[in-house]
Amino acid sequence: MAGNSFGTLFKLSTFGESHGVAIGGVLDGCPSGIEVDFDAIQNELNRRKPGQSAIVTQRKEPDTVEFYSGIFEGKTTGTPIGFAIHNTNQKSHDYTHIKDSYRPSHADYVYDQKYGFRDYRGGGRSSARETASRVVAGALAKQFLSEMKINAYVSQVGNMKMETPYQDLDFSQIEANPVRCPDPKMAAEMEAYIKEIRKEGDTVGGVISCVIQNVPIGLGEPAFDKLHAELGKAMLSINAVKGFEYGSGFDGVAMKGSEHNDQFNQDGTTKTNNSGGIQGGISNGMDIYFNIAFKPVATIIQPYQTIDKEGNFVQTKGKGRHDPCVVPRAVPIVEAMAALVMADFTLLNRTIKANS
Amino acid sequence: MAGNSFGTLFKLSTFGESHGVAIGGVLDGCPSGIEVDFDAIQNELNRRKPGQSAIVTQRKEPDTVEFYSGIFEGKTTGTPIGFAIHNTNQKSHDYTHIKDSYRPSHADYVYDQKYGFRDYRGGGRSSARETASRVVAGALAKQFLSEMKINAYVSQVGNMKMETPYQDLDFSQIEANPVRCPDPKMAAEMEAYIKEIRKEGDTVGGVISCVIQNVPIGLGEPAFDKLHAELGKAMLSINAVKGFEYGSGFDGVAMKGSEHNDQFNQDGTTKTNNSGGIQGGISNGMDIYFNIAFKPVATIIQPYQTIDKEGNFVQTKGKGRHDPCVVPRAVPIVEAMAALVMADFTLLNRTIKANS
Amino acid sequence: MAGNSFGTLFKLSTFGESHGVAIGGVLDGCPSGIEVDFDAIQNELNRRKPGQSAIVTQRKEPDTVEFYSGIFEGKTTGTPIGFAIHNTNQKSHDYTHIKDSYRPSHADYVYDQKYGFRDYRGGGRSSARETASRVVAGALAKQFLSEMKINAYVSQVGNMKMETPYQDLDFSQIEANPVRCPDPKMAAEMEAYIKEIRKEGDTVGGVISCVIQNVPIGLGEPAFDKLHAELGKAMLSINAVKGFEYGSGFDGVAMKGSEHNDQFNQDGTTKTNNSGGIQGGISNGMDIYFNIAFKPVATIIQPYQTIDKEGNFVQTKGKGRHDPCVVPRAVPIVEAMAALVMADFTLLNRTIKANS
Amino acid sequence: MAGNSFGTLFKLSTFGESHGVAIGGVLDGCPSGIEVDFDAIQNELNRRKPGQSAIVTQRKEPDTVEFYSGIFEGKTTGTPIGFAIHNTNQKSHDYTHIKDSYRPSHADYVYDQKYGFRDYRGGGRSSARETASRVVAGALAKQFLSEMKINAYVSQVGNMKMETPYQDLDFSQIEANPVRCPDPKMAAEMEAYIKEIRKEGDTVGGVISCVIQNVPIGLGEPAFDKLHAELGKAMLSINAVKGFEYGSGFDGVAMKGSEHNDQFNQDGTTKTNNSGGIQGGISNGMDIYFNIAFKPVATIIQPYQTIDKEGNFVQTKGKGRHDPCVVPRAVPIVEAMAALVMADFTLLNRTIKANS
């Protein structure tokens, strides 16, 4: 137990360092009988992979997943699904300059303190490369949850914020531009801004919004494992995430109860949805929506001062091929984590009533 | 497993409905040899309990905890600590009006859908009364973590927001006013505002900020169980919470990497702390700080329309004794949940190195 | 986490020391909608309680269980069931003689070594009194599993072994005698023998056999959580247990595969049942049966030499009121643990197929 | 969660079917800083692998393990260790005869019932091939536990039982013969007997005994997770195991308390060791020893009748290359599972005291 598993029933355990032999995972508890769409899985990986556009890191990693078990004659068997993605394009020498020093706002220093030493190549285990394994498992979760629709998109880059409510967006436009913002005009501006930032050797943060539709009533557990608490943990576990809010979120603070309460229609749906589809930790059948704040990537291609292992100041400069803004590539990761949470609660919810 | 346990090694399981016989819990994994300060535990419960001031619900619940096991001759024995708080002042007849109808933005409807029926009295399991058990366990966690300082306080009520950074606050002022805002002037204004809201029969939301100091380096796990992910889940599991952010949070989105990165001092501390004391999910020894958004309480003392079990519209009005603003009483709950997370990771961190 | 929880979905956490205020537990994950038969629960406690016959310890403990939550209008609500049994008849002064010395083959010594100190009264947490909490939860599990029939009985006391196969026994005779052996003649001999042993101030071991009937096909998981592995753990976790075997057990070792294999009937049942109802860790619909070995109780009412905390030899003698043979009272505990395992796998099995 | 993980802190998750692409696992929680002896790991796999002698299956599987992560510069990093063993010598056509029928006393039938369909090749997930992954993780556990000595050996084959107590055995003789029985004369007889059985196309069961020495005091948890309960579960989770006993085991039943109790020496050790090194579920520093019963392998190379999926009787005959007796190859599996249990409790025991 060192934090590398996620989920109770639909459970993913991941392994792998950025520049090791391979990354991968074991998905245990994926139900039997799902017809696996391998292209759809690879497509999710392609949405995450480096080099896909001009505004992301130019590393070339094919990120091809191999399945080792748990799928037979095209269907899941109910036994654990082992899989791996071999690392093929590591330029480890890019990192020898950080072997003995600590990059600011990276995990280098805390890893050395916690474990006594670290695999320094490319950030090792702390690299966001680990999330490729989540995307594989999340793609399988989506196939299990075929009725639900999970859509994430970029809603903010730097201080460029799209204010359009999700109901007015055309989700089919998300993949139409490299930023993954469904508002084409906003997307173009964001893209230009990211290119500018990259030219400076700098980076910038952003917000991803996520909407889950066609959610059955009853998912989530009352006390500690509230649906939004697990969604929040899932999102906060993604590299570079600094905040999570759902429904009315931080803006709900300034509202009065009389405005904020969602009045019922006769069929149990509600007229408004400040609750974000979740009441008391349990889905109420309305759309679930939430926002996730990502900080600017820590690796900048500018000279900076830092310390080495002995505590001496050293002068250095970011090398390697990095993302100027992480949110475009993080969209499929957000969807994957959302799918893992929803799959887990879907299974769990089958065990709630004595007779079902 | 239905979500009523929290923690891996320092593990709390809670039970209890608002108007049942008793609420309580089992704290398993609390280490042996802690000298228990019972007054300190009761004091935390008193900070949470109803009726403590003019701006909170006027229910009278003594909330006296009885310990059943796991403590001998004043010290924890290392065996599970069972405890209960008997419910003594339930006015269940206050709730017969909601037996057959669903309050808006409450969990009534989803409980009926999920479980087939519900204990409707006072919200049953969905009542924030459950959090009293967390406060008991959290108070024990604080005693285990005696080196760390965990301070939460109210930083916003409605749209009245205290902008003072935590470094400039005097935490000893938190308990000096019923709002639990350490800025006396701001506190007075907030108090007046809450009284006004109460007079309207309405409610309002707020923000609690929390600061953890004297944190050792190395707490938290890399992938899914990042320190801030567990803190986020812990906070989002508290009733009425809508959002969580740590360090630079949602504001960090608009920053550039070159501004956001925390430059090192020679001793491994950092000049700034946008990271909020956590790098890659692991504490770096700097102060941990985070904000939690609370929605306005759903129970308002105004007439409203809602639906009954058959889907007919019914006219009703909130009764009972409720909080106009939940944040003053939620401060000790936030601290308790923070303490549970820190205790768990403290124990877990003892198992990381082969020789320790 | 210190080993005081059992089960994944139907999960019991227990607390309590022999001479503390109360013992009890939290049962989390018990499905909603079970009509609770409180008499049946108390009846199971009565089968376990001291003083029930002339061949068990003469302590008087009423062992009345109080339910605190999770049951409303006579039915389980799906929320955690908290319960306690107050300790009312502790004679703690009976134990002051062991405060500073260690009883042979008791846990006194290892507790002091492990935890630094111990609640020495009546064995503290290591007392079999803890199992009363298991009986409560197990009785609820039985009510959930109303189709399955779980019967345990005494099949051996000392070297008096009943060789009758379970198929030839009348389970309705189990409760007809204080030994809980369904063969009346054998029961009478065992009873006489236990009385003789008690007169000597000595103790003796025994075997309990357990049969589970009407088991659906498919319970149990392939690799580590095989049905018999969980049953084995469950039984080995009961105080004084030294061994577990199922189906052909240790006798199966000497058989050849051609004899041991259970040939199929056309309906999927088998002609023989050396497998004990479990194939590859999964129930096959045949009866499950297993044996559990219990050692002689360690507390004997004879003088003996032991050591004190400083390692000096001291002369002492067992006091208190103890069982000469543990198996008659352990029968309901075995059934309770079996029921917990079967309930857990029943819930888990609902999550195996994508469409169910 | 479908039973494919073992351990709480030192946690192994395995994947893989007999004739899939690869088997393997993720070992999470293995502490950092262990210098990995790769030859020792491969040596354990070689002890388990087919084709190693004339009395085991003649399948040729090289069973070479590849490590994908968690080891850097020859040392464990504290991050999860992913590994795989590719399947290279599957003769899947050997199994087409069982595609549509069910082998007696195999898991074929229950898999189809539980999951709706199955990977029938070589038993799929129910194959003992899965245990190779356990051997890899167990070998790492042994390296972490370098002070403890874990020795398993064959003590019975069919009804040929070695009565010598373990204290009189020379463990260095275990590997001196293909049976892995440390008594050379007995080993020769067992070997001859197994060859005879193989000639008949039949199989036979056996017993493995295991001894753990140099165990620190204090490992194991009081209630459900007693040290022997976890050892029991670990052993019962190995394919073909039918029983487990420790210390005096089933023979202890017939003893009186006055004989069975282990009297103390002044240093806390005991004069006898009927307790098998465990008191109240916690190690007492004496040797731990236990026995494990294995049934005869179900696959026999003789004609037999069975049923097909439609419930028709069909005449068939075992094919493929199988073990006439499973115990010689199961010795390293027993040691591996013992090592996993001891490693887990070793880590857990670091978290028991407030100050340690």
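As written, the chains take the letters A, B, C and D, and residue 1 is the first residue of each chain.
Following the convention adopted for this analysis, a residue touches a chain if its C-beta (ideal position, glycine included) is under 8 Å from a C-beta of that chain, and two chains touch if they have at least 3 such contacts.
The model shown is predicted, which means the values in this text are computed figures rather than measured ones.
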Looking at Cα centroids only, farthest away from chain C lies chain A
List the centre-to-centre spacing of chain C and chain D in whole Å, with centres computed as mean CA coordinates. 26
Expressed in whole Å, how far the mean CA point of chain B lies from that of chain C is 39
What's the distance between the Cα centroids of chain B and chain D, rounded to whole Å? 46
Would you mind listing the residues of chain B that make contact with two or more other chains? 1-5, 8-9, 14, 29, 32-33, 78-79, 114-116, 125, 222, 348, 352-353
Taking the touch definition from the header, please name the shape of the chain graph: line, ring, star, complete or other. complete
Within their complex, chain C touches chain A through residues 8-9, 29, 31-34, 76, 78-79, 144, 222, 347-348, 350-356
Residues on chain C engaged by chain D in the complex (per definition of touch): 1-6, 8, 14, 102, 104-107, 109-111, 113-116, 125-126, 130, 156, 158-159, 197, 200, 202-207, 217-218, 220-226, 228-230, 232-234, 236-237, 239, 242-250, 252-268, 270, 274-276, 279-284, 293-300, 302, 304-307, 311-313, 348-349, 352-353
Interfacial residue positions of chain B with respect to chain C in the complex: 1-5, 7-11, 13-17, 20-26, 28-29, 32-33, 66-70, 72-73, 75, 77-82, 84, 114-119, 124-125
